[in-house]
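We just call them A, B, C, D and E in the order they show up, numbering each chain from 1.
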Amino acid sequence: MTQPTVSTAAGPRRLQLPSLSTLGPLIALLIAVIVFSTQSPRFFSGTNFSLILQQISYTAVLAIGQTLIILIAGIDLSIGIVMALGGLVMAKLATESGLPAVLAILAGFLTTMFFGFMNSQIITRLRVPPFIATLGMLGIVTALNQTYSGSQTINNLPPALTALGNTFKIGGTAITYGTVLMLVLYLIAWFVLSETAPGRHLYAAGNNPEAARLSGIPINRLTVIVYTVAGLIYGIAALILVARTGVGDPNAGQTDNLDSITAVVLGGTSLFGGRGNVLGTLLGAIIVGVFRNGLQLIGIPSVYQSLITGILIIAAVALDQVSRRKS
Amino acid sequence: MTQPTVSTAAGPRRLQLPSLSTLGPLIALLIAVIVFSTQSPRFFSGTNFSLILQQISYTAVLAIGQTLIILIAGIDLSIGIVMALGGLVMAKLATESGLPAVLAILAGFLTTMFFGFMNSQIITRLRVPPFIATLGMLGIVTALNQTYSGSQTINNLPPALTALGNTFKIGGTAITYGTVLMLVLYLIAWFVLSETAPGRHLYAAGNNPEAARLSGIPINRLTVIVYTVAGLIYGIAALILVARTGVGDPNAGQTDNLDSITAVVLGGTSLFGGRGNVLGTLLGAIIVGVFRNGLQLIGIPSVYQSLITGILIIAAVALDQVSRRKS
Amino acid sequence: MTATLTPTAQRPAPAAPLVMEARNLVKKYGSVIAMNGADFELRPGEILAVIGDNGAGKSSLIKALSGATIPDSGEIFLDGQPVHFRSPIDARKNGIETVYQDLAVAPAMTIAENLFLGREILRPGPLGKLFRLLDKKKMHDEAVRHMQGLQFAIKSMKQPVETLSGGQRQGVAVARSAAFARHVVIMDEPTAALGVREGNMVLDLIRKVRDSGLPVILISHNMPHVFEVADRIHVHRMGKRAAILNPRVISMADTVSVMTGAINPADLSADMLAH
Amino acid sequence: MTATLTPTAQRPAPAAPLVMEARNLVKKYGSVIAMNGADFELRPGEILAVIGDNGAGKSSLIKALSGATIPDSGEIFLDGQPVHFRSPIDARKNGIETVYQDLAVAPAMTIAENLFLGREILRPGPLGKLFRLLDKKKMHDEAVRHMQGLQFAIKSMKQPVETLSGGQRQGVAVARSAAFARHVVIMDEPTAALGVREGNMVLDLIRKVRDSGLPVILISHNMPHVFEVADRIHVHRMGKRAAILNPRVISMADTVSVMTGAINPADLSADMLAH
Amino acid sequence: AQSAQPIIGLITKTETNPFFVKMKEGAATAATKGGAKLLSGAGKSDGDNAGQVTALENMVAAGAKTVLITPSDSKAIVPAIAKARAAGVMVIALDSPTEPVSAVDALFATNNYKAGQLIGQYAKKAMGSKKAVIATLDLFPGQPVGIARHNGFLQGFGTAGITATTTAQISTGVACAADSFGDQAKGQTAMENCLQKNPDINVVYTINEPAAAGAYQALKAAGKEKDVLIVSVDGGCAGVRNVKAGVIAATSQQYPLKMASMGVAAGITYAKTGKKVSGYTDTGVTLISDKPEAGVTSKDSKFGLANCWGQ
């Protein structure tokens, strides 16, 4: 109703903040932090928070890629295993093949990008649904990992490969470069998604693929780009993981499929594509990390940790719905 | 273009056969059977096929529940663990508490139905997306399983609990009652989905929830029914599993989340809801079972089994697309 | 005591109690006010046209009347009784059938299935009652019958709705509401996508429904259509009712002027207004 | 040698080469034949109306012309050159803009975003060229400008399209095509959901586009609208072109008769036909 | 036509855990040498009993006369084994026993409880009179192997009331118990959180050597690697190298290759002579440490490397 002409009053806010859909999880996070702080004197400290960020760093980076993919209504079940392979390639080339660390890292990135690209080819050319395409890739890469590594963990990495695990201090709190890289990647992803044309195309492709196609958005090309960029992101996650653990591990990342999707959905992104926010994903990853850390710190036996985490995750999202119905 | 009036020539076919979307997997299955038969003399036999059906039986039954849920655009990640709990309840009550087997089984059914019902309540009342609701439930039930069982497997079950594992012979091939029950459940599910009003409502609710709501379909009630019925189906799966393995196992079903979803998607049902066919799911489950059995029989090392299975799954669905583009 | 005669032209007693009535409906979406104190009255056996600019709040009004949205405030009466529809199911239980503007159809399902969505024909006897078994043959035949009346070039009732042309899809939605209403039929722009011939068929259908005794609420931007069938015209403007016009007296041009705000309804002669 | 004069009324030389031409397009969906040897001609700077019954194959025709579907057989020419559009991107690269009947919009995205979907305004300089950074302010301002021309009661360009009324949504799609066309504008029932005032605005817009030199293909069921703006009328029937009519000569009633098959075009007088 | 070549099946808990991968390689080598055909299968994850049952059935269907299995669930696998044995197949448990042990023809295994005990005793001695603050990085809830090693460790360390048959995981005297899933990255996270919970931790028991490596990584980041004693189980080459490097103070070495080759040999014998093996053969567990403690028998890392599995 209102005025019959277009209002220009509300000029465009230049940068959009995370949508309301992450309000609930945010509140849940705050409540959890308060509870944990009262229950354990060691929870509320810069060192512990820095630790939590380190712990979630590689999963959170993976979840950036998963967010991009889910935004275009896809899904990636090969995310953890591809990361593991990337880390293996870096570690093996840098040690056994004696390649300079930079080249080894590059080769790792190329590897993960290659498998992201392959996923996209299976999806766009063979028209296999992403779930099946990436599930198949999970099986394939699992076998590659084991044969390539001989199921052996690779130790004694050159310092360049673990540089992201080094720390610097801010007010007495040691922070790893890996953590910083993760945060920077989130900022970049958020910026690209909300401020660039390809970012918006991604939303359109997930929201209404047919409309996007008719609007001249090259859906297939976009899909290829998204999965390949996601592959690059997995490579970065691999580097962070390798730096954090100091090894190349063929068995790494096995729980990261579910973990990364959890972070995405917890952050308010729709599994049906087109709606969501990558900063929400970061929040989702942090929530999981805080729950895990806090529950351990206050000494909950591990059996009950899964119980309480389950309840908290549901509560976080339910809270969101309650708060939204009120507004 | 054609006639300007409604053609009545093509009367309604009374029973719809599985749609074209399962043609590719069907072809893939046939090819696989032929290849395995030439590679192993023991593959192509009634006994082996009966074995495969036994092996997939409980996962295939679970996948019926998963199909119903995915058809209404939901998902269930608690499927395996709820089944495990159901089996535990049956086993524990029938042995330690000395309850008559029938009552123990009933209690198991009630348990799995209860958790299905709880899932639906979280989804409809708290408006938590199914992924999060059932992920939370997974954590909760995992803890319940461990505490209830003291992490102990329960042996020495009374014969009534394992009756479904007994066999009868058809032309020399021993078939378990569990297998028959699975096939019967598929027929029932297929019949209900295609021939009854609630079945069609389910498709409508997944295809266009808003239209379904406006058409007077009680979406929430339907959701509650679907998850609760799925719960009952998990209970039946639990009974089949218990009969097959002869134990109540708190760690059972851990891979069944992914396995059941794989069967559903492989069978041509859309993860976005509203499109698909439950007989396709059976086909999906059989394909996975045949691949596993055949690869093991022809002596492929287990590392390569995952590789080949990955390729085959992709190929099965890709074939479908190719065949469809041709037609 | 002396009986004072009220001139009937001034304040005519309604011929019959109102079938539907709404008072002061309000619905806000954030800062957008979709309904701003909307009133509404529907008489028995009439075709009431609801017209108004785009975004005037017509669809919002009928969504409130059909239970599809719950207004923030205001009252709705059915046959003089206050009702509180919490969902379309409530309205439908009261015999109110609606064609929604954005065509509430399930694209992957067939025409026959869409026609009977939510009220499938069940097999006679316990098979239907207990097991809710569909009578597919009957549904198909009925679907053919309903659609034949509207003469769309539809090949088979088993075509998924997503393969239909825009007009054909609208035909499905219209056929549906007409077939099932028991009390009130609400149609939100039922002829928008229809061709000339098909549009006339639907107007015929609307008249038939009216003649069978059911009142029809017709939302339309098509003035010729409105003037062809409407008994009264409810003009909606900026979220509320601006006037009720008598199409037998007022001209199409004046009606459009009222609708767009060029003419103040207060300036119209009394006979142009309906009550 | 003796020059023989051909009567111009009989076989007029086209004023200019055709902008778009299609010959014998066929498209089948299983047993449904959506196009059955359809021909099509568009002249420079004209408004060509395409009319026909529901399901006649109009949308199928323009989808083929705009690259949205690939016909099974037949040829399409743009400025006399054969073209093979594999996707809407190809057509758009050739300056062809289309409003699709089912409004190709992304519901969760804002009006401004939808207006510029697929051709966002980028920041000047390397920020835009290299990083494809959006110029959100400019997009917003442009969006306001485009939409203001059509006078919909839209509050903010940042409203998601899914919250708009049916007519407002259509307005977004129309504004979009008009703003970006460089060669041909195709509109599939652009005024179907529009009010009287808004419909007239869109007709004005169509005329403005034509006057700027671009030909417009207008599919519409609204005969008054067609007769108000069309230079020629292409009648589609049962999957092919049945006739091309001259709206300055033929009556609306006869046009409808041709469309519905009541009159055989061969029986029309020559001046009623356009070429 | 059946060739005379004996078919032997090997079913491991998972196909990716290096311990089982090595076991499989050992079996493959032994099979090739003995002219047997090896079929292999595995559960999808640790604890996937149903996957093992399926694999077992498939091996029998494939004509295997001997099946070697590392039971994921000591009790749950028993009925399936009984079925296989009833069909004339010799079933040998490797690495972990079934419950009851008599469910299989023979058991070639390490005693996980004993492996835990050894490092518990070692840790007790190494700590001497210093007050021990213990963290345990376990497998995950309800895993029998994890419970056996954990309880064995505590018993060896001196916690009262634990026996080899205790089925629940005891946490008396443990400052922080966390699950590592036997995974290095998760072990590291668990250790970090434990340190955060109690910075005084000075003894760390880990379920396996990858978890130990993770724990070390966390300790190093906290600057505590010198002050904390890490003990572990497995004896993989990577683990022994970590013993040598001082990362792990002591580890209980197992011999998966030995289990596998013994199993295959028994299978070949059975195929040729029809004679089954029986009973429990302890393939042995050896405490490996470069800082021996008096009263606890141990071998040095040189011995460990000479006998380790993996690379």
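Going forward, contacts are C-beta pairs under 8 Å (C-beta built on N, C-alpha and C of every residue); 3 or more make two chains touch, one makes a residue touch a chain.
As the structure is a prediction and not an experimental result, all values here were calculated from the model.
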Query raised in the report: What is the shortest path, in steps, from chain A to chain B when you may only step between chains that touch?
Result: 1
Query raised in the report: Hey, what chains does chain A share as contacts with chain C?
Result: B, D
Report task. If we define chain centres by averaging CA atoms, which chain lands farthest from chain C? Would you check? Result -> E
Requested in this report: State the chain with the largest centre-to-centre distance from chain B, centres being mean CA positions.
Outcome: D
**Report entry** For chain B paired with chain E, centre-to-centre distance based on mean C-alpha positions, whole Å
**Finding:** 34
Report summary line: When centres are defined as mean Cα positions, the distance from chain D to chain E in whole Å is 73
Query raised in the report: For chain C and chain D, what's the span in angstrom between their mean Cα positions?
Result: 31
**Report entry** Distance between the centres, which are taken as Cα means, of chain D and chain A, whole angstrom
**Finding:** 44
Query raised in the report: What residues in chain A touch two or more of the other chains?
Result: 1-2, 4, 142, 146, 303, 306
Requested in this report: Quick one: which residues in chain C touch 2 or more of the other chains?
Outcome: 31-32, 53, 55-56, 152-155, 238
Query - chain E, residues touching no fewer than two other chains - result: 15, 21, 141-142
Query - Touching residues on chain B, where the partner in the complex is chain A - result: 73, 75, 77, 122, 126-129, 131-133, 135-140, 142-144, 146-147, 258, 261-262, 265-266, 270-272, 303-304, 306-307, 309-314, 317-318, 321-322
Requested in this report: Name, in rising order, each residue of chain A that touches chain E in their complex.
Outcome: 40, 42-43, 47-48, 51, 54-55, 58, 142, 145-146, 150-153, 155, 165, 167, 241, 244-247, 249-252, 254-255, 292-293, 296-297, 299, 301-303, 306
Query raised in the report: Which bits of chain D are touching chain C when the two form their complex?
Result: 29, 31-32, 51-56, 59, 101-102, 152-155, 159, 163-168, 171, 189, 192-199, 221-224, 238, 256, 259-260
Query raised in the report: Quick one: in the complex, what on chain E touches chain A?
Result: 15-18, 21-22, 138, 140-142, 171, 176-179, 181, 183-185, 188-190, 192-194, 196-197, 210, 213-214, 217, 221, 238, 241, 310-311
Report task. Mind listing the chain C positions that touch chain B in their complex? Result -> 68, 87-89, 92, 98, 100, 103-109, 112-113, 117-120, 122, 131-134, 136-137, 139-141, 144, 147-148, 151-158
